[in-house]
Structures are given as structure tokens and as C-alpha cells.
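Given below, in the form of C-alpha cells, are the structures.
In the two complexes below, chain A is the common chain; its partner is chain B in one and chain C in the other.
Moving on, here comes the complex of A and B:
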């Protein structure tokens, strides 16, 4: 095979009349070229992915690390112990788990319902699809601000939501600075609002890809619609549902910017911090400057997410075999 | 009336009821999705006085004003945030495209020792959550003295293992014969890559660009860590800054004007390219 592009290297003194050594040389050269193509990616990944991965482990075991003098007392589990006893962290874990447990099943179910509805209509289908997707392309921090003012109760106004609640003779409740459950409600509502577009999109295309033949056969047999759903639709789209549940769990465990959008940057004082928020607060900000605690918290989060993902995968495997 | 008529009428009624319910559900959710947008536009055109005078918020306004938009651009540096985000988005996307195109090409077309090993290592990096590596990256960028610079903002986000993977899969679908033919013709690898492979795979590249632009426009965490000088704020940080100490005392209409301005570019892009964007996200999106 001719390597015409590298002509210049062929004319060099090293390439004599020995075809064997030349072949080796060409091979080496081409290999070198491949590494050259890979170099930028390798460099960036090495510096910003691989090295940090090792470094974060080191940080998490360095006790009393001081980022100014870059010294530590020694190594051990102290950072983990500190984080696990920090009331702010425990609050963050509680908040995160509540958000996960509430929003993942609810958003998946709602997305399934909406996709089924979308799939059963013809008129206006595309219009609805476009509308439902809109939150995906908006800046979550910006729109979070709108949710904040809709739910907020100030001395000047009870806010829009309280006005609606008043019709039902309840409230007013301050959803932003008020009781914990009210804040959690806004949080979950906004989270679902934000994550739904992606789920609806995925499920709609999964539903559309189920072969019409199955339904025709079922209809000839006089199968009820409910049975059609449980025996045809659900099994056919279950891989996609599992995919959404797994990515939903991972995404919800990393909740952070939606919280900032609603409650502002000081999440600890709002009592609405999440694990990721705790990591960032430890790293930087008013209470920051503790990369060791941040690292320990981040690794705890990773352990949680990893365990849950593995459990999810095992369940999905078992279910799909059955 | 015979049985058949009765049954078919019954079926038709059932169908109508079902359709009504379906449309009602869809319309209900559409209202929930659209209402915040309506509310932010509405609030942004109410004047400061009239907004604060409404103890019970009104669903319309009789005297719309654009004063808030003027305030949004003059009282806070919204224009600056905008420009920063635009630059950040363009540069990051361009650099990332270069990096991933070269890497995907190496993995899909070139032969070299350790290719499979390196690719497996790449794939395993996909499992690493960004929260884990951001701590060291923050320290690295700080040590390099790159805080409050565009370089510091951009550098960590110019590679994506997932996009390399997506592109590599697509590159591999191009028949190898084409590559060999090009070689025989004396086409250089680089020329082949940009004259043949990139054009063929442009749908995938468009997908990647779309996803990256959305990601950049909404970037919040990293910019927040790396910038505390408002001159380098992106829109997300800008909005959070505006919220905390923007227009003085709780000027919500002006705040909403800023929110509208920030949301509009992506919404316009979306309305123009909604088919492409939705197809792209369903192929490679991860959010939520």
C-alpha cells in the first residue's frame, strides 16, 4: 500500500532498500500519527479527568489539609467522619434522597402518561411535542427565578400560587421561606418541570417505534386496551423506561442548580442544600476552602450513585429476563 | 335499532370521551409548561410601580412598558454577561469539535498499538461524574492563575468522551473502501477527514453542536467556581448575581426582563430548529 502523503519521510536516509525495516518504520510512523490525532483529547482528559480522579482520592484521605500552605497532618478517615457527622451534610443527604424518591417515579409516570396521550392523537401532536420540549432549552436558573416569584409570598403580595390556593380556601403559605414541606414541594415540582421534556421525548419515540402489527393482532383478538398496554406496550418500551429511571436516579442525585435557581446560592441557610451543593460549598464560597471535605463528600455521593445504579441494572436485567 | 348500530355508537362515544380526556391532559400540561413563560413576559412589561401595587397579581396589564428592558441592560451588565456567554459558547464548541473529530478519526480509521486498550479506558471515563473531578480542576485552574479568565472557563469542557464515542460510531459506518480509494488517489488523511468524513457525518456533528450549545448556555457550576469578577460572568451567574444584589430593592419586573432576555436566544434557536434539536437530544441527550 502506498503511503503517498508521507512522501517526504520516504526520501530520508533511513529508508533504504530494505523493505522489511521500511515496513516497520512506516508502521511506527503511522502509529505516531494516530497518537498525534489523539493527543489533544488525551491531554485534556489526562489533566481534567484522570489526574483529578486520583487526586480526589488523595485529598479525601489527607487530614487537615490547608490549601494555603498545601500541608496536611497525616492520612486517614477523618474527612469522611467529619462529613458524615456534619449536620449540614446530613440535611443535604436527606434533601437529596427526598428529591430522588419523589421526582424520579413521579416524573417517569407522568412522562409515560403524557407520551401515551401524545401517541394516541394525530391533530396538534407536533405542536404539543414542541411545547413540552421547551423547558429543555431554557436556562434553568433563569426560569427558576420565575417559579420563585410565582410561589413567593412577600409583604407586598401573596404571590400567584397563593392566590390560586385562596380559591380553595387554604394558604397562604410561603413556599420559598416557609415550612420545609412547602419548600420541598416547590423543589420537586420544579425538578419535574425541568426533567420531563427529556423523558417525554424519549418515551414518545419509544412508543412510536412499537410495531403497529402487534396492536392489530391484539385488536382482532378483542384484547382490552388495558391488556394491550400491559402486555404489548409496556414490555416493548421497558428498556427505555429502565434507561430513563437509571439516568433519572443519577441526575436527581446530582441535583444542585435547580435548587440554586429557586432558593438562591445560600442553600444551607434555606435548609435546602443537596449533596452536590454541599461539595461546592465546601470547596468555594463563604464557608469554602476545604477541598478535603469536599472530596470526601463527593466520593460518598459517588458511592451512593454507583450502588443505586448497579441495583437498578440488576433489577432491569432480572425483569427483562422474565 | 340493531345490535351492531348500538355497539358502534357505544364505541364511538367511548372514543370521543377518551379523546377529550387525552386532549384535556395534554392541554393541562401545556399550560403548566407555558405559564411560567407567559408570567415572566407579563411581569417584565409591568412597570415597577404597578407590579408592586398589585397585592393580587393580575393576569394582564393595561399599560405595558419597556422600561424594565432598558434597566436590565443599563443598571446591570446584562450585555456583558451575554457577550461572555456567546464567546464562551462559540469558543468551547469550536475547540471541542476539533478535539473530538481528531480523536474519533484516530479511533475509527487509524491503526495503532494499544488502540483497543485506550478506547476502553476512554469509555470507562464516561462513568466518572463531573462532581468528582471538579474539585481538583478547581485547584488546578486556581494554581495556574487562570481564575477569572476565559481560558480557565473553557479548558476543562473542551473534551467529551461521550461525543467522541458518538462520532466514532458514526465514522465507522463509512465504508473502509472509501478510505482506501482516497489513499490510492493520494489524498492525505487530514484532507480525507475534512472533505469526506466530516461532511458525511454532518448530522451527528450538528447533534453534538446543538447539545454542546445548550450545555454551554446553561453552564452554571463551573463558571460560578472559577469566576468571581462580574466581568467574566456568564448569563447563569449573571442571573444569580442579579437575583442577590441586582436592581436594588426587589425590582422583580426588571429581573424578569433580564430573564426574558436570557431565555430568548435558545428559544428562538429551538423554534427554528426544533426538529433537529429534538432528534439530536433523543440521540445523545442526558438531562434529567
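Moving on, here comes the complex of A and C:
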């Protein structure tokens, strides 16, 4: 149909203004067609992404919103003020930040070391790669169970780690219900262990993709192994490292299920809650039913993650230009 | 600096692990590259020329034999301590560094009393950039430059530390035809200016012939001939060398030596003066395209039907400066080959003619043994 009208617009010079407006119309029709193709995706995104986001924003400013009666007492910053003064929230923020700061750099560094080692061995390379990738395909609950066996004190045993500690005449430490540092140690250990395989996978393929000829050229020019690593390998794989750091930050800020796997659902009493855990508790937990507080906390988390991601991207852009 | 090979050999295990025999990439190289010369290692792909280059720079270690730079035995010295500069086929410029930093990279590796200040390094880098004429591109990244410019940067990076030997691996293969001619002249000029002994690898005979002081023709890991380009072209040692050099390629026919003359088909093409006392035997006869001469006709016009060597005319290709006569002959080494003769464009040949006959320039005719393919005459 549009093809025919298009051709008719060139039928003769006498028809004047009309063909021109026709062409504009056809053009509009075409862009409309494009929107039509996009519609399913847009609808889906709109309903499940954009609308909830706006809704959360609205909730966060509505004081004492009740989802059953759809009523609230008023609007304002009350929810934010409450959340920011809630000691549980502050504890959750502290925990989350600690996990982020400890696990993201450590896991990336460890993954880099492991990848370098994997890349330099020749025999049984595939076997080792598979071993390092196993945690990625292992069930979270199974992993949690393993960690229980390693760390949990029961009436029958102090756990594997404590047995090892006993050899060095120290401990026992209650890693699950004991002091804060011990719990945080287990938490970080677990998080690093869980995120490691993916990072190792990405970095080994990044390392393998660096063309061998650069190392040959560097060798002929008398470049030391260390300088080869810092001046050739690192810059060449830096896009992948940045990718891992950014996704690592985002992932660690959203930590929740790993905490539940180790410390159970009552994270507040264990003092190991995270921001996402706090949001969940506010919605569905034993003390739940406060969607407004949950919304405010979620938006605070969003602001934090957003800021850090932007900063990360800016840094990565700056270094890549250099 | 001289480079001396003494029985240098490199064998690789076969890629197919079931085959136990090893692949000989470089087979007992014994020769000397004189100081300050530009040497072209020439051969078809897979002949071991790149391996030979890697042996010189130390990226590969020889299976046997020794390698000397002047009087120093460098066989066991690792690549990083040999003081060679290398330009890779893909240039291997560090993509994250600009031109200046790429060129300075080798200098930053220097240690001990050779260590330079930043100013000295920048000075050196600028000098190297000047030699290859890229000083105005110092802030560019490799991906912002053309292939030819990248090539120059790679050469500058290889030159900056004043190497004892400069090695170039297929230096022109990634460039387009026009840039190739320009760059090969450039390589010649740079080598002349720096007087660094330079070895380059190529499979393109024209490239090797045009700029080398000496060419080394290789096949299957073995050296077939070493010499000045013109010498090798004019006096090929065997059929392979004769075939490998020259465009259009040499025309090869089955022939025989019989009763003091050279016979192709049933025509005696050259007589006693050429054949001398060579015993009767079956031979290969190689005739350079420029060695086939059209004889002028009786009325001064070219008839193309006289002359000692009669062939079947297929086509006439006018090139401007000269004309190529495309013909076939029943005695071709490979049946159905389209042979070429290059004749002056002054010759007017009737393309409708069935046959064309040539006289032969004995200097351009080579006779090879059928068994050994070595040259007899």
C-alpha cells in the first residue's frame, strides 16, 4: 500500500503540493511501523519495569501507605527519614558496604591470579578449568550445606575449620552465631567463592584472546615478564576487568540470598542483614507490611548503585583514553 | 654485523601426533650473511623461511647447529638479549599505546648503565620516527593509522634500540599494491641509511628481487640458491629456482639432447654452440619469456611463422610497452599450459594466425636434467 502511494507521488509535476505531504505521511507511517514492531517489548518493559519503578517512587513519598486499603496519611520525606534512622537499616548498609568493599576487589584479584595460572599451565588445563568452574553450576543450597559443615558448630562437632584451627592451638570460633568479624569472614569467604568461577571464566578467555605476537614482540625488545604483564596483558584485558568490577559491585550490593543460605531468614537478629534483605523484611518479613519503608530503602540502594556505576564508567573511560 | 649459520636445523614434531616423522622446517643451513646487507629469504609458503627468521631472533631454538653474530655464538642466548629488532607481519603494535609510546617501549626495557632518562628516550624515539618519516604522527594510536603508517611505526620501534640485526617478516604482505612498491623502496632507503644488516622474508619474488642485495631461495627447509638477484635470475641452479623467479614465469618444455642439438617436439631449436658435449638424454627446457624472439619477415613485416620453434598461437595481449604472445605447445611440461613470450610492441602480429614461431636467445634458455632437475646448460 505504502509502495503504491510512494510511486504515485512521482506521477507528475502538476499535482503540486499534494505528493509532498503524501511523502511525509508515508515516512510517518514507516516510523509508526517501527514502533509497532517494538510494541510487544515496550509493553512488557512498561508493565514490568517502568510502571513498578514509578510506583515505588510514589510509595516512597507516601506516608504509611497501606496496600490493602490503598490509602496513605500524606506525602513527604518521612519514609526516608525513618529508614535512615532505623538501626537495622544502618546495620544492613554497613554489612552491604563491607561485603562490597572486601569481596569485589579480592575476588577480581583472585580470579586474575587463578586465570593467569590456568593460562600458563599446559597439561591438564581443561581439567583445572572445569574444577574452577564447578561452583558456578553447583546448587546454592548444596554450597550452603558445605559451608555449614565447614563452619557451623553443632553439639557433635565444631566444624571442619575449627578442627583445623585446633591443630594450631587456636579457636574454636563460632562462625555462624559468634562474633561479628567471624560472621563477616564467613560471609565474604562464601561470596568470593560463589562469584569466583564466573570471573575466572571471563578472565581466562580474555587472557587467551590477547594475541601471542605482542608477547613475542615484547620478548624481542627485552621486556621483563612483570612488565609484559603490567604493560601489555593488563591494558589489553582491562575492558573485561572493568566489566567484572562493575557487575561485581552491582551484584554485591544486591546480596541477600547468600546471607540467607548461611545465616537463615532472620538476618536482623544475626546482625548480618543487607539492604536488599532489609527491603524484603519490610515487605514480607515477620515485622513486614511496610511497603513505604521498603520503597524508600530500595530507592536509596538504587541511588548508591547508580552513583558507583557511573563513577566506575567514568574511571574506565578515562583510563582507556590514556 | 655478519650472521653466520653453521648447520642450523629446526625440526618440529608432526602436527598429526600419529605420524612419528618430524617436519624439517630448516635443514642444515650453512651460509653467511655479510655485514650491512639487505637479504631476502624467498620461498613458497611453508618452506621454513619464517622459522629461519625466528631462529635468528631467538623466538625458536634450533634442534642442531650454531648461529653466530660476528664471532659471538648466540645460539643459546635468549631473544631478549640478542639485540635484534623485528617487524612482524601483523606489525604487533600495542593498540593501547600511541606511536611515541610504542616506539619508546623497547627503550624503557633497558636496565643498568644502558638505562635512559625520559628526555633521552624521547629524543631517540623522535630520531627513529624521523628515519621512517612519521614524526607528525607521534600522538596517534595504531588503529588511527593506515597499514603503511603502522608498518613504518613498527620499523621505527625495531630500529629505536639500534639493533645489530633488523628482521622483517613478510613486511609488505598486508599492504595494497601501490603502497607495496613505495614501502619496499622505503625499506631499501632505511637500510641504506642505517647500514643495519637486514633480513626479510617474503614469498613474492618480485619483492625480493627488487630490493635485496642478496636473495636466498628456499624450498622445503633447504637452501636452493644464494646470490645477487640478477645472478640468480640469469643462472638458476635448478628447475625450482628457475620457475620461482620471474614474472611471467619461465616456460618449461619437455625436450631432449640428441646428436649435438637441443630438440623440443621434433624441432631442433638450438645447435652445437649451445649444447656442446652434453650426452644425449631427456631434459626439461626452460625458456624465459623474453628469450623468445620473433623473426622479422622477408618484407620487413613480422610474419611470425618463421623461426626455429613453432608454437600454436592462442592470443596477443598488448601491454603498451611490450606485447605478450600467448601460445601453447604439445611438448609443455604440464600439458595445456598457456605460455608467454614478451616481445617488443613494435612487432605487429596477426592474431588470426594459427601458428607463431620464435628464435631462441641462448642466454635465456636453461636445460635441466630430468632426473635431478639440476641445471645442465
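One rule holds for everything that comes next: the second predicted complex is superposed on the first by the 276 of 322 C-alpha atoms of A that agree within 3 Å, B and C clash if a C-alpha of one lies under 4 Å from a C-alpha of the other, contacts with A are read in each partner's own complex, and residues count from 1 in each chain.
Just so it is clear, a residue touches a chain if its C-beta (ideal position, glycine included) is under 8 Å from a C-beta of that chain, and two chains touch if they have at least 3 such contacts.
Since the structure is predicted, the reported quantities are computational estimates derived from the model, not experimental observations.
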Clash or fit: chain B against chain C, after overlaying the two structures on chain A? fit
Is A:97 touching anything from chain B or chain C once the two structures are fitted on A? First, second, both or neither. neither
Which partner does A:235 contact after superposing on A: first (chain B), second (chain C), both, neither? second
Where does A:221 make contact in the superposed view: on chain B (first), on chain C (second), on both, or on neither? second
Check whether A:185 is in contact with chain B, with chain C, with both or with neither, and answer first, second, both or neither. neither
With both complexes superposed on chain A, which partner does A:243 reach: first (chain B), second (chain C), both or neither? neither
Applying the document's definition of touching, compare chain B and chain C: which contacts more of chain A? B
Look at A:213 in the shared chain and tell me whether it touches chain B only, chain C only, both, or neither; answer first, second, both or neither. second
In the superposition on the shared chain, how near does any CA atom of chain B get to one of chain C? Answer in angstrom. 5
Residue positions on chain B within touch of chain A in the complex are 18-19, 22-23, 25-26, 29-30, 32-34, 36-37, 39-40, 43, 52, 54-57, 98-100, 102-103, 105-107, 110-113, 115, 118, 122, 125, 128-129, 131-140, 155-156, 158-159, 161, 164, 180, 183-184, 186-189, 214, 217-218, 220-221, 224-225, 235-236, 239-240, 243-244, 250, 252, 255-256, 258-259, 262-263, 266-267, 269-271, 274, 277-278, 281-282, 285-288
Chain B contact footprint on chain A (complex, rising order): 1-5, 30-31, 33-35, 37-38, 40-41, 44-45, 47-53, 55-56, 59, 67, 107, 113-114, 117-118, 120-121, 124, 128-143, 145-147, 149-150, 154, 156-160, 163, 193-199, 201-202, 205, 247-248, 250-251, 254, 256-257, 260, 264-265, 276, 279-280, 283-284, 291, 294-295, 298-299, 301-302, 305
As the complex stands, chain A meets chain C at residues 211, 213-214, 216-224, 227, 231-232, 235-236, 320
Report the residues of chain C in contact with chain A in the complex, numbered from low to high. 57-59, 78-82, 84-86, 88, 90, 92, 94-96, 105-106, 108-110, 157, 161
